[in-house]
Every structure is written in structure tokens, then in C-alpha cells.
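What follows is a set of structures for review.
Next come two complexes built around subunit A: one with subunit B, the other with subunit C.
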Partner chain A sequence: MSTSTNGKYRVLGTRPRRHDGTDKVTGKAVYSNDVQLPGLLAGFVLRSPHAHARIISIDTSEAEATAGVHAVVTGKDFPNVANKIADLGEGSINLSNLSDNVMAKTKVLYKGHPVAAVAAVDVHVAEEAAGKIKVEYEKLDSVTWVLDAMKDDAPLLHEDVFTDHMGEKDETPSNTPTHLHFEKGNIEEGFAQADVVIEREFRTATVHQGYIEPHSSTADWNENGRLHVWTSTQGAFTARQQTAEILQIPISKVVVTPCEIGGGFGGKIAVYGEPVAAILSKLSGRPVKIQMTRAEVFESTGPTPGSFMRVKMGATSDGTLVAGEAWLAYDAGAYPGGMIGPGCMCVFSCYDIEHAVVDGYDVCLNKPHTKAYRAPGATQVAFAAEQVVDEIAEQLGICKLKIRQLNAASEGTRRVDGPVYPPVGFVECLAAAEASDHWNTPLEGENVGRGIAAGFWFGCGLKSAVSLMVNHDGTVNLTEGSPDIGGTRTSIAMQLAEVLGIEAADVVPRVADTDSVGYTDVTGGSRVTFATGLAAYEAGIDLQTQMKKRAAGLWECAEDDISIDQGTFSAGEKKAGFKELAQELFKEGEPLVARASVAPDCATNSFGLHLVDLKVDPETGKATILRYTAIQDAGKAIHPSYVEGQMQGGAVQGIGWALNEEYFYGDDDTMDNASFLDYRIPTMLDVPMIDTIIVEVANPDHPYGVRGVGETPIVPPPGAIANAMAVAAGTRIYELPMSPPKVWKAMTDNS
Partner chain B sequence: MAAKNQIATTINGEPVDFLCKPRESLLEILRGNLGMTGAKEGCNNGNCGACTVLIDGLPVNSCLVLGVEVEGVEITTVEGIADASQLDPIQDCFVEGAALQCGICTPGFIVTTRALLDKKPDADEQTIRFDLSGNLCRCTGYDKIVRAIQHVASESKG
Partner chain C sequence: MPTVFIPAQLRSLTNGASQVELQAETVRQIIEQLEQRFPGIAQRLCDGDQLAPTLQIAVDSSMGSRSMRTVVKDAREVHFLPVVGGG
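Right, the complex of A and B next:
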């Protein structure tokens, strides 16, 4: 049964069954690797075994001569791409680097960097043939830790990268493409006012998004020069743009069909196999599919930055935070452009601090190019700042919830990077924590601890388009361009149903290919329920406006005499619900279609607070999560079950990041643990139920107040768990992950 | 290229013959040769459980079973869990309880859960978490999956 969270809405706040649910529980939903085409070939990518090397020569002759092989490509088959920056909606990318990442041209920059690819009758034949390709490398020194990569004598990845200090460029090349600097107030004055100052250094490991579905792309380049790509992507239009740019063909020559997507979390925005499969298809004249193995996913896609951070904060004796200073170095991986920007913007984003300075460095090193992972860059800084806030509270003897309430960012607070918050719900989240059963239930026992931490993510608008087609019976087909990763077909359909006064089940949502719907930016930035939902709302209004005009003709009255209440049209005695009127209008004249496109230029600003109780085993250092509560401002929870799901899923990813997950690098700077056995994400046995409290402080930029909720929930967990660990273990840990050996050592050293 | 073997087996109650090379896994046979793409490939080395099928009622990772090994056995895949007209209660509770997000791990969870509840219809939370710890989900944090299974288990108690 659906139950409404409030009486104001008929559909919003209820929990209808998702439209794609049945196909996903029966195995019928078509994911990218399920695509089958006549004559389909399998592609296999040969990858660098070295962390850093120059390519001297590649001999593909033996592979090409292998029975069953239809095409072989190397970097030479790719067109030259200018050093051009392309806006991909959420973030921008240098296309030359992107092309180089898809297939190395002169140098390999990490283990797993593609150097050649083979298309053959099946993947085993392709793999065997790829093994016959002879690549001669000149090995180069490599580096995988940010502070090492920043040294003057570090192995240099790119000869043409010069540090850009907010517009001023250095004259000698370095591994640090960008130095960001933000400040507000006067930092010396701020620290002079402080009665207590805490400064700490933090390190976090490189971690992977860990979506269960490996990347898979199928390309069919037909005889007319039109390329059709079926792929697992968070954004079909950005995949189309990147593919067209790398291949140097017009965008109109490419159509991308976004298949059902098996998780992304920010890691399925850049293209990898798409352009490679395309060139193999062009050469072979057959469709080609490239499916990554799990090891390839770990070694060649994603991960999100490892980091070094120094955070210093000062407070007066009453607990007012007066100064904050942060020095951040984030690993960008092989190419410039990691997650340092949002890291800088988020480090003090939860608090109203008068004086602050943040310096951030984007650092290239011999790992795969880092990508967004759910609130990219924010989790690292929250791990740091939330521990410093806790230590200040400890020194001042102030309650850890109180110090956050005392300093909470609210409407009018200016962030260090400039923006001033509109109405936001952090204070309300803190109040919800204070009133929660979890906070008010004492935690007792040995080696146990409770921790809290806050988190923030901007959320963004970007571009979305939807179109509506009304069927004979008054149901509505809704075509959208946002790949549905976690139930957004339904959260968007519900907003349309609310406007039109019909049921969610009366809407038939479809995620379309790039030929069939208006441009839509990626599913990312917590934006889909907000922005594509806004487009659905606007399209509903467009439809009603048209219907009102035609109803005036039908009812022989003035348009202005018709009013619409909860979807029902009425004028004097005349009255018709949406479906009834739609059926009448279909009989009377032309079919009803409507559309809307939006590009809201605003952040949606979602805050959260997490509470965690844990127990640590002093014999092994292993932490067990005893109780977990995630609190978050959703603005308006359209489908509460899926909002809870985002909060629970993000929390558990954060728990994995906090306690277990890390890339291990061997002496040769290559990844040692590229499997789900050795890169261990949380299993069902590792976590308890995740309780949720949804706070609703309306976002003024959305008709229903939606904020978008996907990213914030990953931000607090490592900080909250570190704060709980400090109590449970009796010592603080400043390094992620807080894996058993590290915790055991810290506890042993401490005793 | 090695000669293909002819294998006779039963899949979802129907007798099925197929040809396979000695190196091909059951997962490859199902997805490729037989076009049954319900079982998903998440890791191809037995770590994630997305390709789980039942062999004679027991859950196995089909990526770790060779096609030539299934002669004479009874295989159940996610395609055989629902009957033609309605969802299995497990599938129904997964949809009703929002126990899936991206859905790629869901077929594996459905199949493993079917095996668990066939064995222990009233499984408690700890049993559920233990028996399904070989199925990885990265989206849900497992909460709603456990609750959906608990719901099915509680229904079985009447």
C-alpha cells in the first residue's frame, strides 16, 4: 500500500511500484552486455603492463593473421584531436587527453592503459590474438603518491603541463596542472581570535566506485557512415559528444542508445570502449562489442582520488568556529582534471566560518585518470574537517552535536568559494538528530563509540528535455533522456502524474536514444529528480495549456473561464478529469503532444548528518557497525523509498571507504588487488540495517521543493566512523581506510 | 580450436541440448549460445554472485561452472523463477519493497533467495545476511533487500 508523507499531494510522497521493476526482477531488462546483433564480433583491449613507459613500436602483424580476427587497431588508427576542452555538463574534459586515455599514442601512463585492440569471432580468439601483438616499451620511472608526484625531481608525466595558479602559469612543467586558492575574511585575524586551534594531517587511499556492471559498449558503423553505439553510460548525449570528438566525425553521424545501466556513481560519464569498438566496427564492417573484465574496470576506469590534506581550524571558548585553513592535494591520476575543485569548495561547506583559506592541488601520477564518485571530492575533506571539529569540541568540553548546531551553515552563509546559501536544511537535520531515538539511546559497553559527522553536496541543474504523447485512453507516454540508475523513471513520472491529476501508473516513462529526445545532461550531480522532474512538470503545464485552449472550443467558453484543480478542468457546469478530457479531445481533433526543456542554473544544496555506533575488537582492530542512522534534507521526497535507498546505499559505500577499500600498489607501481575478492566492498554481512530520517526543507528553485539526494549520503560516513573510532579505540586515526591492521597498530601503540 | 561437446541438460523445466567448447563457462553458454541474458556478468571469477543460477536446487556462480559439467542436471535461472502469469513472491517483494536500484545484481539475489527460502522458508535476518553474503550490491546498502526477503519469510509463517 502506498502511504502519503503529507496531505498536500496526491502522488508525491507515495511509494508506487517502479515502472521498470518487473523487467529487472525477471532478468528481461536489457543492459549493455545483453545487446545482441547479427554478425556481432567481440573486442579485446591489450593494455599496458607498466605504470609508465614510452611506446617504441607496436607490431600487430601476427595478430592480424590469426584465424577469426577481423580487425586490429592501435593509436595510429585514431585521428588527431586538438587540445580542446569540452563541457560535458558535470565537469569538463580535455579531448586530446580523453582520446589518449582511450588508446595510448606515444606513452602509457598507468598499468591498464590501452595500447591496441582486436575484434574477432569471440572474445577468446580476440584475447589470444591480442597476446600476439608485440609492443616494445621503454620503461620510465613512475609515481603513485600525491606528495611524491609534487616533488621537483618526480618523474614527469606530461611535458606540456604547467601549474596554473588561478590564472598565472609556471614556466617549468610539473605534475600539478592546477593550484586553486579560495579565501574569505582575514585568516590571521581569525586564528588570533581563537582560544583553541587544532591542525591535523590526513591521508586517504584511492577507491573505486565499484558498480557491479562492468563497462560494455557495442558499436555498429554502417555503410552510410552513421555510427550506432549501445552502451552503459550515465549520459547518452555526453557519450555521443565524446565519441564524435574522438573520432572527429559530426555529432549528427552518431546515435547513442543508453542501455539499462548497472550502476555508475560518477564512473560512467567518460567514454572508454565506445570509440575503440567504433573503429573496430568501421575496419571490420561488423558490429563490435567490448565488455571490460572486472580487473580492467579496476585498473583502467574510475577510481576517485586518493589525497593528502592538512586542515587547521580555530574556535573561541564558546565553541564558535572563527578560522579554517586547508591545504589539499588530490590525485588526478594520469591526466589533469581530478576532483580538487569540489574538494576545496566542500571542506568548510557545512559551517559558517568568518575567516577561511583553502589551497588545493590537482596532481597527475601513474594511476588511471580519476573520476567522480558520488559527491566527488567531498568525502575526503569531510573525513578531515569533521574530525577537527570533533577535536575542538573535545578540547572545549562541548557536546559534539551542539558545536555543529552552533556553527551550522544556513540561509545567508557565504561559502569560502563565494556562493551564499539560499534556504537550506542543515539546522533542521541537526534538530532531527537531536530528537532521534539513536541520539537519545545511550551506548554502553567496552570498546564501543558513537560518532557523528555532517556532509554537503551542491547538486546541480544542467539541461534536461522531455516530451509527452497522450494516448487514446488518456495515459501519457513520457520520453526522457536521463538514464535511470535508481528509480528515476518513477520519480519523474510521479511529478508529471501530480501535475496532471493521474496516477504514476498512468504514465509510461521511457529513456530514449539521442535521436529521439531533446539534449539531456548526465545522470549525475543529484540532478535527475530535480531537473528532469522539473522538465516533466513544465511539460505537464504545456499539455494542460493546450488542453485548456481546445476545451474552450469544445465547451464553447472562454479559455479564462476554465480552471484546473488537481488536474480536473472545469468551467461552470462543465467538468472533466485529465483522462476524460484527453479522450474527448482525441476524438475531436489532432493528437495531443507536449514538451519542455529546462536548464536551471542553480545548486540544490543538500545537507546531511550521520550517526554511527561501532565496536572495535582490540585483538584484531576490526570494527563492527552496531547502529547507523542517516539524516538528510531531501527538499521534498518524491518517492520516499528511493530517497531512503539513496541514503542507505551512499552510507554503505561510505562505510566501505572508511573501513576497507583501497588500491594497493606494488613496488612497480601497478595495482595489486584488481578483483572484488581483494578490493573488498561491503557484503550483506558487514553492515546492519541503515536507519533513515528524511528532512524536508523545500528548495525554492523547484515547484515541489525537490533538492536531489543521491550524493550527500556518501560524504559523512568516513568522518562519522573516525569520530566513533576515536572513542571506541581510544585513539584517533587520520588515514583511510581505517582497516584492521591500522586500527590494531594505533590501539597497540596507544596502550 | 577444440571440438565442441554436445550437452543435454534441463533449464527451467525444459530439456535443452547445446554445443559447447570445453573452455566455455555455463554463464557464457546461457548468455551467448542460449540467449538467456538474465544471469549477469559482474566479475567472471565468482566474487559477486550476479550470475547465480540453481543447479539441482543449489545456488552456484555460473561463471565458475563449465558448460561441459552440466550434463544431466536441472538448472534454474532467473528467467524460470516467475511463472507465465505472475511474479514469484520474492520478485514481487523486491519490486514492492524498492529492493533494487540499478538492478544488475537483482537476478542473482532473486535466485539465491529462492534457494535459501526453499531450504529455510522462515529464515531470520542473520541467516539471510549469511546466505546472501556472496551476492554483492553496490547501490542499496542491502537494507531494503534484507527487509524484502524478511517480508517473504514472514508471509511463509502465515
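Right, the complex of A and C next:
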């Protein structure tokens, strides 16, 4: 279902078959673990069993002497990387920390931190040899909860980290690398105006992106000094840059081939095994593959932050939100640089609140370095703020949808971090909710509840490049640099087809390696259909301009006499569609090629609203999702099935985050549930069909009005489910996950 | 003439002023003029002659640029914000 304010298009908004579909459903698509090369060795990474320890010594002699072993590496084999900050396009990173995370040098900061690696004839020999490596540790005290890590007497992870207050640093080291502070209006004045004030504290657990395909990287360091990496990554160019920086070799010496990718969600932007496999390859003279197990994925790759949040909001008796205050502490894991910035910027982003203050803290502790997970940092704050909004509505006796409509952010609303919104579609999402069958169908029964919650994500532009080659028959090969995670080959091809007046099937999209296409930033930030699609649009215009000029020669008329309407070229009596003209021009002269590169500096600003009905079993505390509707402004849904897929996927991941998922840590601060048996993500048996309503309020920064859609859908679910749970269970739960034991206890205590 | 919003954490350098109007064509000129009026503010916003790696610029509603050459002469507002990565 969709509600549109956009014009009608010939290709956009239709549902053609995806270009990579057949290869994927027949098993022919090449994923990173499918890569096979002559002489390929298997790598195995030895990881820290401790949450925090100093490395005293590493003895690899016995491992090196093992039959079948070709190379062994430790931190000493990695070049010294300066304490330099590298701009990776979508955020910056400290290269020294990145290198340390790939292979520990002096300290291990979490269980699973790599300390050595072996390349051998097969993974069993490599694992056996790794077991012979003797690592002497000095165990250190550890900490895994943000509030504990912020205490003055907390175990210190980094002696060179001092709290930064936007360029001003504290004088004593701490586990808090960053403090952010935002203000809007006058917070005292705001709360003085309020007739009702609600303040609550919230806790959320560390959760993992849970992509089905584990990380796998193959490296082949040739004798000519060129390194070829095949890997599962959201960004081949950023993987190239990180690998080159860690190895201290020129970027031009590295080529990265992005294989098909079985999910990423923000967790496959940083490199892990790539530089390790590269050094093993250099030492052995053979290609080396490192394939992670699921336990390694959980224990060693970026989960997303656990958090502590205190949120206070005030409203006047008519429901107008007049003040908002938030204090947020997000765990960054082992190294500085978590998701606190967007957390601060998103906590009140759905509402027009005149007075607001937000403080945010990035906190290091003994977990893997946290990474983005779809709308990084926004889901946690929505879980908090959306519950406070609900409680205000309850106290004032106002409909929970009405209070959101009354305060909804719209064009011109200023966020707490400063900027005002351009045209956005939150009001339209709320209207779609009000008109929906779900909202208008009464929910009846015992221990059932309905909840709603809103969500926002920025969406970004960054850099994208594409090139086009026109074939003899007028079909077009489209080369792009965006790894295809959610059907973007097709959504980009469709935008080109729309420009050129051909069918999506007439475009042959290919995701190329870093030697074969212009620089392209990551598939992340909800940017690919927007920005790489924009590049395809621009390349199509370039192609049409060239063809128009050559058609003038072909038709013996002035270039200005030729018009183009929906891809058809015409001048007086002369008329030709794209394919027909392309065939004629090929006979007449040089082949047609075109290219475009773009770097739009803009956010695409996508809002969503989710409705959920659930039933809770008072005997066990288990919640069952009865009905779920996700509503979102897509700007223009290029391929509605893929937009719906993003909305459904985000909702299901959010349901898992809300009800089940968490890292359990034992007394020794090491993870106890590093498998999908014990870390419970939802399966198709756990959720109903997720209904979707696509709202289309055009984004003025894109020729077709596209907004990014991939991240917003994970923001509302925990808040919506918490609000439904409050009704169903008769008591509110302020901690994620709302797992059965917690719900049962809350219900029991309440009764 | 854009209005430059002073980040809350830097307002101790601007005597509490939360925004100033500047005659500037680029972000570099904004920072130079801010430094003239509020000494010490440039080193809080920059790393050498580049924008601090943790920051991005918002010009009106457009976010994402990190270039000191970002054109602002026709902008109504300029903001300095934390960098936002996506997933």
C-alpha cells in the first residue's frame, strides 16, 4: 500500500525482477567464502580469552614448526601506524586504534581480540598450530557497563584518552573519550511552562547486527607488490583505504573486489581479517583466506552500543511538548568512537520542541568496538523518548497518535542540534497511520496491547560514481561501486531506465572492484538508491546529450531542433527511441559511453511510524506479536518491493532487539552466548506478516524525490513494543530487551 | 550573510552568544572571522587547516560537507555538527 504525492513514472514505482535474483536463488552468486584461488591457504586467528589483559610475551616458535604451516603473524608484524585520524567518507577513524583492533599489540581489550594468526594448508592445521602459540598475559580488571566504566575508579582502557568537550580536553585520562552537549531555547523556561513533566531512566543491552553471512576475506599479495583482496564489505573503497593505511602501503597497490554480501547493516564497514590475511599472504607467498565462525563474529566484530539514558520531557495541558532534556551514555566498546553523536541528534528529532538540552557521552569498555547498526544510535533514544511521550499522553488523557500529530516535526522545525528540516513527511506518516486499517481495527482480549512509536534517520549523500557502455543492441551496461545489499542494482538501473526510456531489463548493472569504477562511498547511511541513483540519472543525461549531438548529424538538423521526451528523440518527422537511435549511432561511428560522479551534501530525512499489537503471557512473560504495521516516507519508492523489504527487515530486527537480543556477560566480563542458539534473533516463526504503508513526500534534493529508506525502520520497534507492552502487561519496562523473565518479573511485582 | 550557530560547547568563548551574522563566502572565511572575534575558537573547530575530523558542516538544511571551501554566501544558516555515520 502506498500514498503518493509524486508524479507518475514509466519505470519507477514498478516491480521488475531483480537483476541478481536468479544467481542468488540458484546458489551461483559468488560470496566471499566462495572465492577459490590456486594455492589458497587457510588462516586462523588466535584470540584473547580475557576481557582485559596486558600482553607480556608471545612465543610462536612451536606453531611455526608445525607441518603444513606457512606463516604466523602477531602484532609485531604490523607496521607502526601513526595516531592519525583518517576520513573514511562516512565518518572518521583513528588508524592506530583500527590497527590495534585488527591485531592487538600490547593489550587486549575484549575477549576475542586477535593476538596472532596462522596460515596453513587447511584450517584444521592452522587451528592446531595456533593452539601451540604461547601468549603470556597479565590480567587486568575489566568493565562492561557504561555507568561503571565512567566511574573515577573504573579500570582504565587507554591511558592516552582524555574526555574531549568539542576540542577542549580534560587533564586526566578516562574511559569517556567524548562529551557532547546541545542546547536549544531555554530549558528552565521550558519546564516552567509545563503542566506535566515525566522523567525516566532507560537501559539497553548490547546487540549485534546479526548478518547471516560471517566475515570472510581472501588476500593475495603478488610478487609485484600489488595486493588483491576479495571480501564481504559494505564499501570496497573504504576497505581498500583501511587496508592500505594499516599496512602502510599506497592505495594504488591495493585492489578490493566486493563479493556478494549476506547482510551488513553497518557491521561490515570496518576491516577485520583483510589486513591479517594480507600479511599472511605476503609472508607465505600464497593467497590466504580468513573465514570467521559465528562465535568470532559475535565476540570480535562490532555490535551496536548498550546504553544508559535519562530522558525528561514536559508538556502543557493541551499536549504541546515544551521542553526536553536527555542525558545519554553509549558504550563505544574497546576504542573511542561510538554512536553517541547521532543518538544526541535524534532523541527529540521527531518533535517540534522549543526548549531542549542534550548531553551525550561516548564510553570505552571491555567489549568489541561498537559499530553502526541501521540508524546508529537512534533506536536507543527512540525507545526512551517514545515511552516518555506516551506517558505524557496518558497523564493528560490525550490520544497517543494525536499527541504525536500535535507536536510532529515538519518543514522548518529546528532540531536540538541546530538545523531546520526541509520538506519532510512525518505529518503524512501520522495521517497514514490514522487512516490505516490497523489503527481503526479495535484490539480486544486479555493481556493485549497496542503501541505506536515514531522514528527518524538522516540518510546521507556522500560520493558515488557510475559508468555506462551502450551495446550494439541499445542495451546499457551500468558499472557501479556500491555493493548490492538490498536490491540496489535494480533500483539504480531503474532510475537509468527511466531517464533513457528503456526497460529495467535493458540495463545490465555490475558492481565493480576498486580498479574498475570511480570512487564510491559505502553502502550505508541509506544512501545508495539516493546517491548512486543520482549518479545513474546524471550519467543518463550525459548519454542523452551525446546522442542528441550525434543525432543532429545523423538527421542533418540542428541539435536544438531535437527534443527528448521520455527517452524518445524527435526532430520534425524524425523520431527514434533510445535503443533504435543507439543502434543507428553505433553503425555510424564511435561507441557510446558515459559516466557521472556525484557528492551531494544533504540529508534525505526519512520519518516513520510503527504500530504494533501484542499479547503477553502472564505465566511466562513471553510476548507474541499479533499485528505489525510499518509506515514510512520513502520520498519516491523506486522499487516498492525493496522499500517494503527494508521496512519489514528493519521492523523484524527491531522486534528482536526489543524482545530477545542481548550480549550476556559472565563474571569474567566475557560473552556467554556467542551463538545463534543462545543469542536469539527472530525467525519467520516469531513474527507475523509485517504490513507496510509507503508514504511518498518528494525529497527536493533528488530528481525523482528519493529518500533513503534502509535505516529508519529499525528506529521505532523497541519504543512501539514497549508502549504496547505497557498496556498488555499493565506495567512499563524501561530496559531492553523486554525478555520473558523481565516481563514476568515486572508483571508479578506489579500484581 | 549567513547566521552562524555557535555550538553550545563553544559558547564560553563567545560570551554566551549562540549565533552571529558574518559576511562570509566560505566556511574557511567563517572560521577566520570567528577566530578574529572569539580567539581560540578556530582550534576547537579545526585540526590544522582542515575541519576537525569529528565535525561536519550543515548549510541550511543540507548536511554532510567537511570542506573548508564549502560555499555559504547565499546560505541563511551554518551549523557545525558531529559527523554522522550510517549503517
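One rule holds for everything that comes next: the second predicted complex is superposed on the first by the 744 of 751 C-alpha atoms of A that agree within 3 Å, B and C clash if a C-alpha of one lies under 4 Å from a C-alpha of the other, contacts with A are read in each partner's own complex, and residues count from 1 in each chain.
As a working rule, a residue touches a chain if its C-beta (ideal position, glycine included) is under 8 Å from a C-beta of that chain, and two chains touch if they have at least 3 such contacts.
Predicted model only: the values in this text are computed from it and were never measured.
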item: Partner chain(s) touched by A:Thr204 [first = subunit B, second = subunit C, both, neither]; value: neither
item: Subunit B versus subunit C as contact partner of A:Ile690, first or second or both or neither; value: first
item: Which superposed partner A:Gln544 touches (first subunit B, second subunit C, both, neither); value: neither
item: Which of subunit B and subunit C A:Arg18 touches, first, second, both or neither; value: first
item: Touching partner for A:Thr26 - first (subunit B), second (subunit C), both, neither; value: first
item: Partner chain(s) touched by A:Gln648 [first = subunit B, second = subunit C, both, neither]; value: first
item: First, second, both or neither for A:Ile212, with subunit B first and subunit C second; value: first
item: First, second, both or neither for A:Ser92, with subunit B first and subunit C second; value: second
item: Footprint overlap on subunit A, comparing subunit B with subunit C; value: 209, 264-265
item: Subunit C residues touching subunit A - in the complex, by the definition given at the top; value: 5, 7-10, 18, 43-45, 47, 52-54, 58-66, 70, 77, 79, 81-87
item: Subunit B residues within the subunit A interface of the complex; value: 23, 31, 35-45, 47-48, 50, 77-79, 81-82, 87, 91, 94-98, 100-107, 110, 128-130, 132-147
item: Subunit A to subunit C touching residues, read off their complex; value: 85, 87, 90-92, 164-168, 178, 180-183, 209, 264-267, 269, 304, 339, 341-342, 344-345, 371-376, 417-422, 457-462, 522, 524-527, 600-603, 701, 708, 711
item: Subunit A to subunit B touching residues, read off their complex; value: 15, 17-18, 20-22, 24-31, 33-34, 36, 124, 209-214, 260-265, 291, 293-294, 485-487, 639, 641-642, 644-645, 648-653, 675-677, 681-685, 687, 689-690
